[in-house]
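Chain nomenclature is as follows: A, B, C and D, assigned in order of appearance, with residue numbering initiated at 1 for each chain independently.
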Amino acid sequence: MKGAISPAAAAELIDDGSSLLIGGFMGVGTPERLIDALVASGKSNLTVIANDTAMPGRGIGKLITAGLVSRVIASHIGLNPETQSGMISGEIDVELVPQGTLVERIRAAGMGLGGVLTATGIGTEVEEGKQTIEIDGQLFLVETPIKADFALISAWQADYVGNLSYLLTAHNFNPIMALAGKTVIAEPGSIVPVGVITPDAVKTPGVLVDHLLVRAS
Amino acid sequence: MKGAISPAAAAELIDDGSSLLIGGFMGVGTPERLIDALVASGKSNLTVIANDTAMPGRGIGKLITAGLVSRVIASHIGLNPETQSGMISGEIDVELVPQGTLVERIRAAGMGLGGVLTATGIGTEVEEGKQTIEIDGQLFLVETPIKADFALISAWQADYVGNLSYLLTAHNFNPIMALAGKTVIAEPGSIVPVGVITPDAVKTPGVLVDHLLVRAS
Amino acid sequence: MNAKELIARRVAQEIKTGMLVNLGIGLPSLVANYVAVDRGVFFQAENGVIGLGARPPEGMEDPHLTDAGGGFVSAVPGAASIDSAMSFGLIRGGHLDMTVLGGLQVDESGHLANWKVPGKMVPGMGGAMDLVSGALMVVVAMQHTAKGAPKIVPECTLPLTAVRRVDLVVTDLAVIEPSPEGLILRERAPGVSVDDVCKATSATLLIDGDVPEMQLEPTS
Amino acid sequence: MNAKELIARRVAQEIKTGMLVNLGIGLPSLVANYVAVDRGVFFQAENGVIGLGARPPEGMEDPHLTDAGGGFVSAVPGAASIDSAMSFGLIRGGHLDMTVLGGLQVDESGHLANWKVPGKMVPGMGGAMDLVSGALMVVVAMQHTAKGAPKIVPECTLPLTAVRRVDLVVTDLAVIEPSPEGLILRERAPGVSVDDVCKATSATLLIDGDVPEMQLEPTS
């Protein structure tokens, strides 16, 4: 960690066509300033991996509205009609993944597992094209890791070495995604001296974080 | 949660032949009073699943010395010559599991996964008798869940509804094992009113905990 | 009492002291209104809290604490923050005592469809597939019909949410228990006859003797 | 300088600013003594802390903070507590820049054996298999021979820890780099000749030109 960077500088790191893990759940716990900077920079052909695409005007919804996203991997797009219409028109390639499976696939990538076995999705459309395996007479889907070029994380506090803490339901996918981006950029609500976040309160160790965003002015 | 129970009452819940997940790492973060009560009650034929068997006179080492354990699943028994001699003489059936695989197998049981895929152990003795699977050209072991009748957990603080927090390296296997025991018994250092452990500081939600041990007198 | 309140009150009766319960967004979320606070029930919001509470006092809403629909909520004393991995670990791992979800269709096998209408509406499954696969008890709370068309059908025509048989279906007309033998009509709504229920249902309902009327406890 | 100090000081040179490093118990743990605090290196104790520090002042030891060998340690400012799942997630997931482990044997394929001597000693693999499989750089720090017998051998006769080729072997006699072509002799210890190294090694060593002597930085 060599000092925090501006949202614009963070957006500069991200090339067209990159894959992005983006934290948040219906816009809660989403790095909004990073997303605004991406919209301003006009990146294109992005792959977004997230629980959902929020709604127009909020969080990931802004990336959808701006037409920067060509591929979405998410569990739910129901509150964003633009994602749905993009899916139906074929402009956005959408892969729907059960929420519990999505978070485990991201975790598997971040934690170096070859995949996980889950019964979720067995006997449904989710099973299509996937390997199954029998363990003690029960059938499971083999769900493979999902990693990305970048993880864009929202946190409550960061300290000078990049340790992160989260607040209430703004945890959601953030601590897991912080494991699985080749480059991890975190947007904290505040940046505090080392020691303010106690070792037991750290949810994402700073060794995982490549860049912090400067505090909002 | 209907009030905390004594170590002796907790030991009474555990039948001969039970399988026990026991938290701790070389005796650090191990529920010592629960173990003392088990030794006093003379339970037999126990299966212990733990990172290690500590050393004679400490933590799980006391169960080994007392001859209560017929089976051990652990990653390391190097500091307990009694476990090693029991293994060699055939009195104790020891299954050695790589530490990272052990914690993931316990987590898989607790989190309802059918197993996880790991490259750890490929090409070694650990591979013997296990299913392998190829994902994108790489070979992985299929590691199956390990659950138990009881999880015996050491925590730093508990509150009146059973929420638990842990301290520094005394976390180790405890938060994961709390997910995977049919009955979960926690031995906290102190029991505090609801609210003292803030929602963000809870590492094990109280809904997972069946019994708390009374505070040491 | 309107249909939604009736359903929510009847579902609330299934919730026992000390349970961990997940309520879906929409109609199911109303169930919490009819569960007394002193029953020690913890509600899970799958987006990240155990101990979901009512909407906070005006002006005290915080965007860091919402339900799975994004609405402002509070947390009860003893609440715990959880990330999405822990949240779904609890769901899949058999730690969630009950989930209450909405439905598009339920069929004679007790299968639920609630996440997709091909060509029309593809909201996604969100957490529904994990919830139906993993919760110890799955309750479907829904209107009995949609624009007059039966939602309880011989076999789901919409994509399934899971192949697990749900445990109970509560509608504005009836309480139905899926079983290995088929759909058992357990109760009828106040003022509704068995014949009324059957007419609004395209699936076969198993009827064993007298079907009692729902007994709704007075709200506290 | 004794053999252990020599090895530890040479290994310390491999550690770059900002790295996350795991040190095994025993000899490898000595490496931390030769890494300047201001280099921003974080040491991981696999039992649960990132930011392992030196032994605390007398009387301030706490059983809630130990290293993987159970010895009392402190934590540096900016340390983070991690549970075993996170600890090994970091190890397997490619987040650990370097691990330094002891060894019983290393062979010409660069394979390490360090967890079992069949019939004699079965300590178990602990975290070693995950560390060797997952760390970005694996350094073996060990005495060149055991009671005069070579530990660097044509092919391991002891059970392997992993089939991953380790990156560097540092002994009291030499620095050896396993490569697809075999074991390359990179450096020799001060006052030790190439011939001395070869005599103490039963594996074939690849020698390309002049083999320099280890250059040990002065300790700070």
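Please note the rule applied: contacts are C-beta pairs under 8 Å (C-beta built on N, C-alpha and C of every residue); 3 or more make two chains touch, one makes a residue touch a chain.
Keep in mind that what you see is a predicted model, and the values were worked out from it rather than measured.
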Minimum number of chain-to-chain contact steps, chain C to chain D: 2
B-C compared against A-C, more contacting pairs: A-C
For chain A paired with chain B, centre-to-centre distance based on mean C-alpha positions, whole Å: 32
Distance between the centres, which are taken as Cα means, of chain D and chain A, whole angstrom: 35
Length of the line joining the C-alpha centres of chain A and chain C, rounded to whole Å: 29
Set of chain D residues in contact with two or more other chains: 49, 75, 81-82, 85, 88-89, 91-92, 134
Multi-partner residues of chain A (at least 2 other chains): 104, 107, 112-113, 118-119, 166-168, 199-200
Touching chain combinations (by label order): A-B, A-C, A-D, B-C, B-D
List of chain A residues in touch with chain B within their complex: 104, 108, 112-119, 131, 133, 135-136, 138, 140, 142, 144, 165-168, 199-201
Of chain B, residues touching chain C in the complex: 107, 109-113, 159-161, 163, 179, 194-195, 199-200, 202, 205-208
Touching residues on chain D, where the partner in the complex is chain B: 45-49, 62-70, 75, 81-85, 87-89, 91-92, 116, 121-130, 133-134, 159-163
Footprint of chain D on chain B - complex, ascending: 25-29, 51-52, 74-79, 84, 87-88, 94, 96, 98-101, 103-104, 107, 118-126, 156, 166-176, 203
Touching residues on chain C, where the partner in the complex is chain B: 20, 42, 49-51, 75, 77-82, 85-86, 88-95, 134
